[in-house]
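What follows is a structure written as structure tokens; I'll ask about it next.
Think of it as A, B and C in the order they're written, each chain with its own count starting at 1.
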Amino acid sequence: MSMLDIRNVTKQFGSLVAVNSVSMQVAAGELRAIIGPNGAGKTTFFNMISGFFAPSAGDIVFDGTTVTKLAVAERVAMGMARTFQITEIFPELTVRENIRIGVESALGLRQRFWIGATQKAEVNRGIDEALTQTGLTVSADRLVGELSHGDQRAAEIATALTLKPRLLLLDEPTAGMGEHETYAVANLIRRLHKNSAYTIVLIEHDMRVVFNLADKITVLGEGKMLAEGTPDEIAANPIVQEAYLGKAE
Amino acid sequence: MSTATTTAVTTPVMPARPWLTTAIIFAALLTVPVWLPMLGGYTALAGRVLVLGLAAMSFNLLLGFTGVMSFGHAAYFGLGAYGAGLTLKYIAPSTPLAMVGGVLLGGILGSLFGRLIAQRRGVYFAMVTVAFGQIAFYVTYSWDSLTGGYDGLRGFSRAPLNLGFTTIDITNNSTYFYYFLLFVFAVATGLQALLLASPFGRTLVAIRENERRARFLGIPIERHIWMSFSISCCFTALAGALYALLNNFADPMGLHYSLSGEIVIMTVMGGMRAFWGPLIGAALFVVLQDYISSMTVNWMSFVGLIFVLVVLFFPRGLLGMLQKGTQR
Amino acid sequence: MLQLVLYNVTNGLIIGAFYVLMALGLSLILNLSNVINFAHGNFLALGGYIAFVLTPFLGYWGALIVSPLITALFGFAIERLMIRRVYSRDPVYSLLLTFGLAFIMQDACRYVWGPSGLQTSIPDILSAPLSADLFFITWYRIFMVALVIAAVSGLFAFLRFTRVGIRIRAGTLDLDTVSILGVNVGMLRSMNFAVGSLLAGLAGVLAAGQVGLNPNMGDDLLMPSFIAIIVGGVGSLTGTLCGGLLIGVAGALTTVFWPAASEAVIYVIMLVVLILRPRGLMGQEGMMS
């Protein structure tokens, strides 16, 4: 059974059809890349999976449970975590504090006015674990707003990981990054992928990252699904080539 | 709110040495009866600063720490005052009971109202809070059989504190009353500090910083905003109750939206990102207002001018500017 | 009985018309610039006072036309000098700014023209009632309502058909796109604020003829304007229009049956709307933030 099952999902904004009856199945532990030219509806698609808004039609099934109408927080509680195209973290807080919020939320402590020593220790353990996983232990006490792009992204991913997600949704993780940082973030994602507890779906424009990391690729164009397959299949697919490069003269 | 993160208020919450500010403030407050008269002031003025400072700090739980704008907070202040006054007048001449009465009246109504509007944000939230404040104001001056209408609620006074082994005469001795106020103030602000340092408090800051992100971390935003609102109203009502005790009087102007605006400007003047900011702002504002109104009949223009100048030139407030100085 | 009801409903529509005029101006400014103009009531008063000053020179009709224009100019200046500096910041600052502005304007009016009311005069032809039976419907009241209808229609036409109006509407929905399309957003906001101030000024001139001038005259209309916007729905001008009329008439009808509750009924309506349909009668989903 697939971890994520998207069935004929459509999204309309007035008369604009942003996503047109797209279906997709992602198996557990898979790394799926969603690609497509600008305006193809990728982010809208993502927004529906993560629960930012509901689809006009269609269903979203997460690990056997239909989540189509569930709110964001409920999906998070079920194991979905997401990062954003423009790094969304809490810039005025340190890396450690950012991660702490995630850990406390995951442990169900976010409404407590006071926590005991054992729980405090558990929280700190969770923070250290997230820091090590993403290689940020050195920058733990620096303000996130002051870090390099790549480290900010790693901090964002670290915070997402504290939620112990089963599905990780990454929206253009290497957006706006140079060579070096792209490489670092891609490696981080690769490490996470090796840990088969995570199913990863990402939107990407950088084809090197996509073709290096993805198990399967879904191509969207003008709101519709154009093609789906392994990297090799996609590279050879004429429809995909046309969508990206335009009709051959 | 998060998408408009400003460069004006990017300094972190804790100053370099957090205990230092607290120590200085309490040292000053504890010795007020000594130095204030020397400057031409009087203890009741300090009492006023404490009460309005508490109101502003309670308000700031919402504005500075949760990132939510309420422009009708005077309503809960006034309701607290009336709650205390009505308790003293009709139920029992007991000061602690009066405080409880005030907190209950302001806190419960605030909580109910907060539940209605927790979905809203930004200026629309502010608008509805103003409207609710107006409702409270209207009820207060219309229901004159209960509240005394425009003239205000009179005929009650704070009762001496009976601690069992001794009675403290806070009714007649203004110095004793001042220390009583300070004691309640210290306990209330202590609770607020504990709250902000807890996981709950951190979640509020997360909501302030980036609501969307907080939502994606599984934080139920509306519920937390409602809780923060309710808690803020309770503390503000406590401040109102103390105000009634201070003046032995409660009146509708305590609920008027002009006071709401003043609470906001006190908070911003002192620094809305700093814990003690609102208290400093309240002190500044009360002193300025006192001074200006004794000098000219057009004090309202000057108050308005203070608003404008602070917004345009001192948005980070006094403590905000000081923190920036000690930071890098 | 019928006469009593008719009397009150007429009153209600007139009051409602004022609420509408004020609320539309407030709503325009709110929708485009995300600013609550706490000084809106003071702009109303200003309009009235300026008309008072101009009447000896321009006559009633001249003042009626010129005063709102001057108020609009004043609004334009205020927006450019002060309000535009705080758009990029936390919304609390713009609220504080208009709040302080309200204090200053109120005190200034009091200082210049005195704290007590001033009498204004309206042309005799307008003071006459319609008929002996309908003594409470003077031509002035009909004139006021007609003028409000004209102003509101003019506003909607402006927003629908003129270039600036269309840009304002587009900007309300998506300011970023509008600016990418090359529109000068700063000027757009200033003009929008000016239009809002114009409406307030007009309301002031009309109100002056009805209730006289005093520095606080705008206060009584400010809060109902807020409520008209909340009830009608944020983001919707038509909603504001309906909201204003609704609370005006509701208040008036209540006066017939239960006079003491006539002010309260406005608040009750607001609470009911907040509980049952939080986005307002015609508000759009997701316009909350």
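Quick note on the criterion: contacts are C-beta pairs under 8 Å (C-beta built on N, C-alpha and C of every residue); 3 or more make two chains touch, one makes a residue touch a chain.
The shown structure was predicted, so the numbers you read here are calculated from the model rather than taken from an experiment.
Asks: Quick one: most central chain, C-alpha centroids?
Replies: If one averages C-alpha positions chain by chain, the most central is B.
Asks: Which chain's mean C-alpha position is the greatest distance from subunit C's?
Replies: A
Asks: So the centre of each chain is just the mean of its C-alpha atoms; given that, what is the distance between subunit A and subunit C in Å?
Replies: A distance of 48 Å separates the two centres.
Asks: If you average the Cα atoms of subunit B and of subunit C to get two centres, how far apart are those centres in Å?
Replies: Going by mean C-alpha positions, subunit B sits 32 Å from subunit C.
Asks: Distance from the CA centroid of subunit A to that of subunit B, rounded to the nearest Å?
Replies: Whole-Å distance between the two chain centres: 42.
Asks: Which bits of subunit B are touching subunit A when the two form their complex?
Replies: Its residues touching subunit A are 5, 10, 12, 194-195, 198-200, 202-203, 205-206, 209-210, 212-221, 223-224, 227.
Asks: Which of the residues in subunit B come into contact with subunit C in the complex?
Replies: Listed in rising order, the residues of subunit B that touch subunit C are 1, 4, 6, 8-9, 63, 69, 71, 116-117, 119-124, 126-128, 130-131, 134-135, 138-139, 142, 258, 261, 264-265, 268, 272, 298, 300-301, 303-308, 310-312, 315.
Asks: Residues of subunit A touching subunit B in their complex?
Replies: 50, 72-73, 76-77, 81-82, 84, 88-93, 97, 100-102, 104-106, 109-115, 143, 145, 159, 163
Asks: Would you pull the subunit C residues touching subunit B in the complex into a rising list?
Replies: Residues 30, 34-36, 38, 82, 85-86, 88-93, 95-97, 99-108, 111, 223, 226-227, 229-230, 234, 260, 263-264, 267, 270-271, 274-275, 278, 287-289.
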